[in-house]
Amino acid sequence: MTDSTTDSIMRIEKLYKSFGALKATDDVTLELRKGEIHALIGPNGAGKSTLIAQIAGSLKPDAGKIFLDDEDITQLSVAARAVKGLGRCFQVSSLAMPLSVRRNVMIASQAITGSSFRFWKAVESDKALIAAADEAIDMVGLLDRANVPVSNLSHGERRQLEVGCALALKPKLLLLDEPMAGLGAGGSERLTMLLESLKLEIPILLIEHDMDAVFRLADYISVLVYGQIVAQGSAEKIRHNPLVREAYLGASDLDATDLKDD
Amino acid sequence: MKKLVISMAVSAALVVTTVASAAPTKIGMITTLSGGGSHLGIDVRDGFMLATEMANADLEVIIRDDARKPDIAKSLANELIQKDKVDILTGIIWSNLAMAVVPSTVRGGTFYLSPNAGPSALAGKACHENYFNVAWQNNNLHEAMGHFMKGDGLKKPFILAPNYPAGTDALTGFKSRFGEAEGEIFTKLGQKDYAAEIAQIRASNADSIFFFLPGGMGIAFMKQYASSGLKLPVYGPAFSFDEIILGAVGNSAIGVKNTSQWAYDLDNAANEQFVKAFRAKYDRTPTLYASQGYDTANLILSALEKARPSDKDAFRKALKSADFDSVRGSFKFGSNQHPIQNIYVREVVAGDGKKPTNKLVGIAISNLQDAYVSQCSL
Amino acid sequence: MTNSNVSLNQSRNMSRESWVNGFLLVAIVLAPVIATMMDEVYYVNLSSRIIIIAMAAVGLNFALGFGGMVSFGHAAFFGLGGYVAGIAAYHSFEGTLFLGLVPATDQMLLIWPVALFVAAIIALLIGVISLRTQGVYFIMITLAFAQMIYYFSISLTTYGGEDGLSIILRNSFVVGDSNNPLQFFMVCFAALILSLWLTHKMVGSRFGAALTMAKLNETRLATAGIEPYSIRLVAFVVSAMITAFAGALFADLNGFVDPSMLSWHRSGEIIVIVVLGGVGRLFGPIAGAIAFVLLETFLGGFTDRWQLFLGLVLLGVVLFARGGLIGLMAGSSRHG
Amino acid sequence: MTLALAFEQLLNGIQFGVMLFLMASGLTLIFGVMGLINLAHGSLYMVGAFVCAYVTGLTGSFWLGLVAGSLGAALMGVMVEVLVIRRLYHRDHLDQVLATFALILILSEGTAWVFGSQPLWLDIPSILKGSVELGVLIYPVYRILIIVVGVLVALGLYLLISRTRIGMRIRAGENDREMIGALGVNISVLYTFVFAVGAALAGLAGSLVGALQSVEVGMGEPVLILAFVVIVIGGIGSIKGALIGAMLVGIVDTLGRVLLPSLFQWFMEPSAAASVGSALASMLIYLLMAIILAIKPKGLFPAND
């Protein structure tokens, strides 16, 4: 099914998940390859979040397998997957509001710079830990805000921090759930550039409503409708795919101009 | 040291002085005045205070509520002994609180007089020269009932008690005089629904029931038994049939025979005077707990006439001689300083109004001494 | 069930709070010394009582305050510690063997590790099951386990059943005379300081960071590659051990152990003390214990209805003094 | 044990279960709607019993007492809700536990203050005394009445929640606390009402059971713990769960009390067996609860939360 020869970092094979009668994930197979941004699009209720949840591990599929670097992670817990290098950002920000930016990122660094069952050394004086965290914070350009409690951050900054937390894991790939949601023009601009710069080291599976962003960023797109992948291919292919147009016609979250102008 | 200042004010506030004087004897009373079962503590206190007032004695009594919690009782004991420097401690109602307080208290050289609890340990191995039990050893009333029922020609009693030390003491005591029972049940402590037990009794071929279920447990059992359709005669110690419990059980209890070391209609001058005074002051009929508090106070007073508590040996000797008019008539101490006394049988009869009452019907066993005296080194 | 107060975000109030803490420590250590000088031994024992109860609360505070686990069963661990000490004292006094095979000791330094070990094992068993549940269910299942152990202790006829077990001779400490009130107080005080210091260290450590995150935002912790369950489990066990340590001292202080040490009322009281002092504040339990024990003692002196007034005071604190006494004194209410 | 006896014990278990349900239903209703842990529920049970006993003693009519007991508890419930509970809905469970724990102290001592510390007289009305033949066994009329009342309460609650407007609002409240605002319901009035209903149920239970057992200070606390076990087993907030849970606990506890001691008699001498058996029996329901929660962490019938 792949039209590219680059080797895959994550593979999802024949994933099924249903809630009662509703088939939320119906025979989904897709692949994320090194150096690319793979966008997963689809109208509301297409089952994007369910799919993400299964990839992240907070939801167990009824059938099918998920591979990370050819290793089967289908049965692993959220935490275990994170350690294996699956970085994730949430649709609704999931940061610890009262804690500082650095504190939020340090937790992620902790997992990769050693065990969390160290009861003695104070984290404040843990040079390695702080350095690792600050590196990630720097990547998302929040270093000057490192000591600010998250509750005082702007919405845009929180988005950036989410990405920063994921990066602190030194992940093999990023799972981004609508990172652009609610960002102003400036904010989404900054984030777009960040992701652009990231994708070479860290491939990204992106779920996004903002079609501008999708078509600007994504090298490869899968279209999810009623839990099924109805189309898959390069951004260009998808842009012209009648199925997709049909699926999206009248769907508010994709404005028609995107599809006409070419 | 604000704490200190406050506390002085406190102890000053709660001291109940009968006669102002230079150095009155200090008595600390730790008893249960709040929560479940507080009517026992209240009666002990009222009986005790009545005696001190009638004698118009030179006493200073500090009364504290233990809320039926052992560690609170213990910490109150510390306070009364170490801060208020009382000469004598008394008042505890429950065996488990007594076990928490008494051993260390008496070892520390303070006298303790028990107005109610009589755990077997304190009568036997752990007996102490400074510990006097003015009420009874826990087994006594049950032994007496075992003896009485045997004499009454009963063959197959069904016996029950809660599963805790006083409960096991009760059944052991009963069996020590009666022999094996038809059926034996240990109920859950604090259990209030006895449908299952009553069904078992009905299924057995018992000819009578003996139970020791203090407080609310007894109230619940009697009511449920009364409406169970079972008609076996019921026997028990006085604890489940004091005037206050009877007030709560109502006529369901009529006909029950119970053993007590005292009865308000017991015919002796001291008792007559006590019952009359108690009714006059508190407008209710005294319970055995009140009588025990009253006797405890009078024992202390009688001893105080002979010696000061500071002179420990003399005072101990004075206590031991038990030279006072007990409302129970004959009363003397055994070598382990637990009473040797008659145990009477009372029957619950219809009283005036809705509330039944106890009527003295005879003597169960005379001059009963507890079974643990031999284990006591005194 | 978590409230997002952690001493981490209190920086602006830190200095003031640490002043309050310092004052508390000085007060609690000076009181018995002065009392001894004034030959008021009662206040020495009262201080020991406060210290020990505070320490039990320090244990709960670690799970509840820093980990957000509202355990309604910590009395069980308090009691377990007490029974280990009590049973040891009993056997070494009687000169008999525990279960007829293990020789007993009256050395606190030997008894404490056993108490901690027993508590740890039981806490592990309870935690493994209970931590699968959340919120009210966690509160209730911990209560259920505590009740189970409570009824077990009542059925321990060898060790007095409901009457409990009196400790004729207080277990002894390597140096000094543990029967001397002031010296025993000092032992307890040292134990309290130790538990506070350990708590402080652990909260500041990597483990503490993870625990804090488990309380504030479980998903964040998991996505960061750390299993919230195992973090919580370890914290629960540690917390139980501290409380059990306090229990062992409590037994020696009172000279007896009995099932009421494990009653659900006691669990409630330990929670009360933690909240009274200020949830998730290192010295909260000390403030709480001082307030609670003094109320208990002196209200009892003023009136037989002291429990009524105790209730009113507690109610007032919950409703109007959020952040507990420390919060009140340090002038920072906790952020609901 | 004969079949008849076995059957009677089973009936006793069910009957005990119904008693627990009367108590638990109010508790679980209050939690389901307001998400509040109310430790003081047992105290309302006690208040109900005391008022019932007092009024019965005064008027000589148990039925008046029963009504008074329920209303008295409801009234106390409203007072408590308006003065205290109201401020706790948005607090975490910890504050709720603490505040209602304080309420226990206040209500117990308050009751002792008002009614005195001695247990009060309250007995089954003479019409309901005695027993009736049920085929092979004789069973007390009053206990049958309790079962009937329990069934009626269960039915009533079911109708209230599924059929009435208020019930609709209550369900809305259960599903999400915001939506109820959208319904244009005065939420605080609704909450007060629900709390009053819960309190009334506690009062009713207290009065009914008080007549069978005893009316004394502190009578509510053991029942409270059992009621909590019940609703946690059943799934907090679910009336159905409370019913099933109550039956489970009632039957397990009763049969445990009966069977375990006789079981141990196989390899112990009687009094030891009786002691060990009853000790184990008292732990049994907590064991049951632990096992159930270990398998189903949200109870048997998790309410939608």
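Quick notes on this one:
So that you can tell them apart, the chains are marked A, B, C and D in the order they are listed, and the count of residues begins at 1 in each.
The rule is short, and it goes like this: contacts are C-beta pairs under 8 Å (C-beta built on N, C-alpha and C of every residue); 3 or more make two chains touch, one makes a residue touch a chain.
None of these values were measured; they are calculated from a predicted model.
Distance from chain A peaks, on a Cα-centroid basis, for B. Taking the mean of the C-alpha atoms as each chain's centre, chain A and chain C sit 44 Å apart. If each chain is reduced to the centroid of its CA atoms, chain B and chain C end up 36 Å from each other.
Averaging Cα coordinates per chain places chain B and chain D 34 Å apart.
Once the centre of each chain is set as its mean CA position, chain A and chain B turn out to be 75 Å apart.
In chain D, the residues that touch at least two other chains are 108-109, 275, 279, 282. Looking at chain B, one finds that residues 33-35, 163, 168, 189 touch two or more other chains.
Applying the touch criterion to all chain pairs gives A-C, B-C, B-D, C-D. If you check the complex, the residues on chain A that touch chain C are 56, 58, 77-80, 82-83, 88, 90, 94-100, 103-104, 106-108, 110-112, 114-124, 126, 129, 149, 165-166, 168-169. Those residues of chain D lying in contact with chain C across their complex are 31, 37, 39, 84, 87-88, 90-95, 97-99, 101-106, 108-110, 113, 225, 228-229, 232, 236, 275-276, 279-280, 282-283, 286-287, 289-290, 293-294, 297-299.
Chain C meets chain D in the complex at residues 1-3, 64, 70, 72, 129-130, 132-137, 139-141, 143-145, 147-148, 151-152, 154-155, 157, 264, 268, 271-272, 275, 279, 305, 307-308, 310-312, 314-315, 318-319, 322, 336. Interface residues of chain B facing chain C in the complex, by the touch rule stated above, are 1, 3-4, 6-7, 10-11, 13-14, 33-35, 64-65, 67, 69-72, 74-76, 78-79, 81-83, 95-96, 99-100, 103-104, 107, 119, 121, 126, 163-166, 168, 189. Residue ranges on chain C touching chain B, taken from their complex, read 31, 34-35, 38, 40-43, 45-46, 49, 154-155, 157, 160-164, 166, 168, 250, 254-256, 258, 260-261, 265, 294, 296-298, 300-302, 304-307.
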